[in-house]
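We call the chains A, B, C, D and E, going by the order they appear; numbering starts again at 1 in every chain.
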Amino acid sequence: MSIEIQDVHKSFGSLEVVKGVTMTVEKGEVVSVIGGSGSGKSTLLMCINGLEPINSGRILVDGTDVHARGTDLNKLRRKIGIVFQQWNAFPHLTVLENVMLAPRKVLGKSKAEAEAIAVEKLSHVGLAEKLNVYPSRLSGGQQQRMAIARALAMSPDYMLFDEVTSALDPQLVGEVLDTMRLLSAEGMTMICVTHEIAFAREVSNRVAFFHKGRIHEIGPPAQVIGNPQQPETVAFLKSVL
Amino acid sequence: DKLDDIIASGTLRCAVVLDFPPMGSRDANNEPIGFDVDYCNDLAKVLGVKAEIVETPFPDRIPALVSGRVDVGVASTSDTLERAKTAGFTIPYFAFKMVVLTKDGLGIKDYADLKGKKTGSVSGTFEAIALEKDVKAWGTGSFRGYQTQADVFLALAQGQIDATVVTSTVAAAIVKEGKYKGLMMGGDAPYDIDYVALIALRNEQGLLNYLNLFVNQQVRTGRYKELYDKWVGLGTAPDLTVPGVYR
Amino acid sequence: MNYTFHWLPAFRALPEMLAGALVTLEIAVLSMLLGVFFAVLLAVASSSSYRSLRALAATWVELARNTPSLFQIYMAYFGLGSLGIHLDSFVALLAGITFNNAGYLAETFRGGLRAVPQTQVRAARSLGMGQVQAFRLIVLPQMFRIVFYPLTNQMVWAILMTSLGVIVGLNNDLTGVTQELNVRSFRTFEYFALAAVIYYLLAKLVTISARLMAWRLFRY
Amino acid sequence: MFSSLFETTFSLNDLWFMLKGAGVTLALTGWAVLGGTLLGVAFGVVRAVAPWWVNAPLGAVLDVFRSIPLLIQLVLANSFKTIVGIHWSPFTVGCVVLALYMSAYCTEIVRSGFLAVPATTRRAARSLGLSYRQDLTEIVFPIALRVALPSWIGLTLGVMKDTAMVWWIGVVELLRSSQVIVTRIQEPLFVLSIAGLIYFLMSFPIARLGARLEKRWREND
Amino acid sequence: MSIEIQDVHKSFGSLEVVKGVTMTVEKGEVVSVIGGSGSGKSTLLMCINGLEPINSGRILVDGTDVHARGTDLNKLRRKIGIVFQQWNAFPHLTVLENVMLAPRKVLGKSKAEAEAIAVEKLSHVGLAEKLNVYPSRLSGGQQQRMAIARALAMSPDYMLFDEVTSALDPQLVGEVLDTMRLLSAEGMTMICVTHEIAFAREVSNRVAFFHKGRIHEIGPPAQVIGNPQQPETVAFLKSVL
């Protein structure tokens, strides 16, 4: 049970964005991905759940080749929760409806079942009080937590986080990170793209440093963050700390 | 008053209907021609002013007069009592008989055949009101009012309607011209003779008086017959008097 | 000013005019329903991969937007008529306004679609929703809110455009009835003033009910 | 009927007659747009800055022009001017009504252009020491102009097309002149197509220009 | 020569936002203002240059009462540069024109003079290369630096900064803070509202902690940040660090 990324290349038109990335994330592991803007981190995440096609290489999720012809992506994606940087709340649905939607429409659960799941997940992220509110009434941090609950409602095996705190006011960052800490403590397998170095150091089993579409360094936080070897890593860490 | 204004301004503005041959139409240069055009020119001449022809569709004649766009209407206007509440009428300067105009192949031979058919005419005209009343009384068929005479002929030629009622002069002219394919006469319409008069503002007695005399003079001098022969031709110019009453 | 107003006959004609207003409303509503239908087709066609479909859609949209609606209605009646296609006045007016509505609404819908952020689709797809589900459950409801206001505007437009039916012989809508009354008596101002008031109320009826609807529908 | 497309009695004379009609259409449009824009800018600025007790009544009055068919407005204005004894030609009446009609729409365009300038940008201008008037002329107007111009072009084209209704009060513009020719030569499809083409040629290039401008400016912001 | 704030109260409608603030900023001093969202920091800055009226108290800038009747605010504001959180570039003007506008229109400088000033200030903030570009082509950090140059072009005696970095991507924050460091090194009198505690500690002579419209603590950074006394200050610092 793992996500295996094998020599993946990905271009947008003539621009190669991911240039041969190989990495395996074992079940139960938390891997943080750090790196400069435009280094291809978001793109890689979207390749993992098949939102973007890849040009070469393979990505295996629990042994299933994501980009093979014939793979049922919609089914595969139920295994993989993903939360993006931009708040992706569905503005026309209440918080509860946001979270209930996929269980009902994708998993075909009954309304009562879906509601039970949604209430549970929302309580888990601390939004039990906001069930019938529209997302526009939530703070950015609350919206991100709702997005996490929405992904969790599908009972995914993996969670991918793409800079979920970087559009937030400093004061709201903490509450979202706390939710992620909680998940990692519960043993969720996670890949977190983040600029929060302290957080990465604290929760990750391994940290990967991305630079220009390649993994420059990967290893335990103590090594990559505490004692970086590559000059690019050093420079990057200096700029964000 | 108005009469003085016209003379002072040097132009006489006449409302004339230009989709109503032979009374009014346009030549190849799109210049106005017809009985009413000449009539207006005659009037301008005796007033010693220049004539200006203002084209008005039938429903627009009285609004044009009332809204001050024209000084007089030489526009085949029936002298109905309803209209006389708004506009001032002279003595008749022409008179029409109404006939049915239809398309061949529809089997309409006289007025009674119109029952149950799609009919139409120019909104608010003398015969439109009469026809619509009959259609309503028959209870079958339909009546459609258009804003211009041209639209009625067009609708008839295209088959949007089966028949209309028009003045015999126009019907004859239209059928003779042959521009509209397949139009034919469908017998007389049993309406009263349609006496038409010049119109001017209701309260302009001086002008109306002048116009009355002018109509009278046109007949006396033979100009009326001359114009009739020029534009209508066949038969004799209609008698403009109503037997048995003073006018 | 030596004009004496005759309001009484105008008020006596009120029931007749209100019946006309009903016809007006009927045409406007029908033309909106049909207009939305064709606009959706046009919006789809204009993003289709068939060139002929795109060309057809573009022609429709550009003709509708770049010629007078009066012209379009006249064409629907006498233009088609000369090809032997006889539309009843009512149908011709409806066709003309529908043609016009569809042309404008197609653009509105395209803009509305573009205005729903792509990230919404991404979020939906990553939850395992299929393309159609994501469109129906996520994009469409949001687009509807965006186009709602332009849609009500177009509805008011449609009402105002029905007044042009009179040139193709329509005489039972509000303007048609008013003109019939006018050409009988020539009390132009009185009748048309009354018609203006009724049109105004119709337009307000539409905007106010749209506002109420928006308030009910878009709680977010 | 299609044969008429090839053997037509439509003459150069007729084309000239229609082009004269198109000239009237353009003249009407020109005056209406001139008057409508001047009034619209004035009203729009007032609506953007005035207190509600000026704003609300003005808005309500202008709304009337947007809620009544133009045809009816024309008829009413035409008969009203007679009732009160003003001697205006139908052309003048057409221009005035169209100008008022345009101003009602233009007001909203100007107003929303005005309100589209973020309060923070204006605050920045004031904090540099720019006076209220300088803020308006240097910051608000230029920014509002870019927001409003594309809609204004759209409105202008709309008014150009709406001039067709002026034939009802007796002005022979493009559509009416084509009807005159239809009456004479009885080839409605052909003549109307030419009229449509002329309208299209007057409108389409400007519409395209507007779309291009809108896109360009949107990219710049 | 100083900014003196004396018992200022300010309400929006019935909401009192600034509840009696007293503080003096001497010429040459750098004072940082920290505090939670909605505590009234921005409002206070806007009262200082008269963008918002106050309800009671006084604000004296070089002895001139800002809110006295008869004070020429437009003239006063030339002394006080202010840069806001949202980038307030004038979108219809190029970078150069943005900076030239006020010297020309407010100070009545000639075009050549204004241009010379603008080029100088833009070079100062590192934008010499972007003179003829429209703001939409600049990054957020560049826009903020342009806003600083625009304020500097009026040769102000005081500069007010309102969270100028909080809407920026983490990587762009540094360049703007560098520009502010430069100014403080040059002896500019500054009031900086900021969430960047490290920065506040480094450049400020004094730090003021705002809470619910009042100054809870004010003093040297070593004291307020290093050794806060009030429980609110402690809680706030914990939340942002």
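Keep this in mind: a residue touches a chain if its C-beta (ideal position, glycine included) is under 8 Å from a C-beta of that chain, and two chains touch if they have at least 3 such contacts.
The UniProt protein names, listed by chain, are A, E = Glutamine transport ATP-binding protein GlnQ; C = Octopine transport system permease protein OccM; D = L-cystine transport system permease protein YecS.
Values in this document were obtained by computation on a predicted structure and should not be read as measured data.
Taking the definition of touch as given, a chain qualifies here only if it contacts subunit A and subunit B alike; those chains are C. In terms of the distance between Cα centroids, subunit E is separated most widely from B. For subunit A, the chain with the farthest CA centroid is B. By C-beta contact pairs, the most connected chain pair is C-D. Averaged C-alpha coordinates give centres for subunit A and subunit D that are 53 Å from one another. Subunit C and subunit D, compared by their mean Cα positions, are separated by 20 Å. Distance from the subunit A centre to the subunit C centre is 47 Å, each centre being the mean of its Cα atoms.
Annotation for subunit B: residues 63, 66-67, 154 touch two or more other chains.
With touch defined as above, subunit E holds no residue shared between interfaces to two or more other chains. In subunit C, the residues that reach two or more other chains under the touch definition are 2, 78, 81-82, 84, 166, 188. According to the touch criterion at the top of this document, the contacting chain pairs are A-C, A-E, B-C, B-D, C-D, D-E.
Interface residues of subunit A, counted against subunit C in their complex, comprise 46, 49, 51, 74-75, 77-78, 80-82, 84, 86, 88, 90-93, 101-102, 105-107, 134-136, 147, 150-151, 154.
For subunit B in complex with subunit D, the touching residues are 18-19, 25-26, 28-30, 54-56, 60, 63-64, 66-69, 148, 150, 154, 157, 179-180. Remark: subunit D residues 1, 64, 66-73, 75-76, 79-80, 82-85, 157, 161-165, 175, 182, 187-189, 192-193, 195-196, 199-200, 203-204, 207 touch subunit C in the complex. On the side of subunit C, the complex with subunit A involves touching residues 117, 119-120, 122-130, 133, 137-138, 141-142, 145, 218-220. Taken together, the subunit D residues at the contact with subunit B in this complex read 11, 13-14, 17, 78-79, 81-82, 87, 89-90, 169-170, 172, 179-186, 188.
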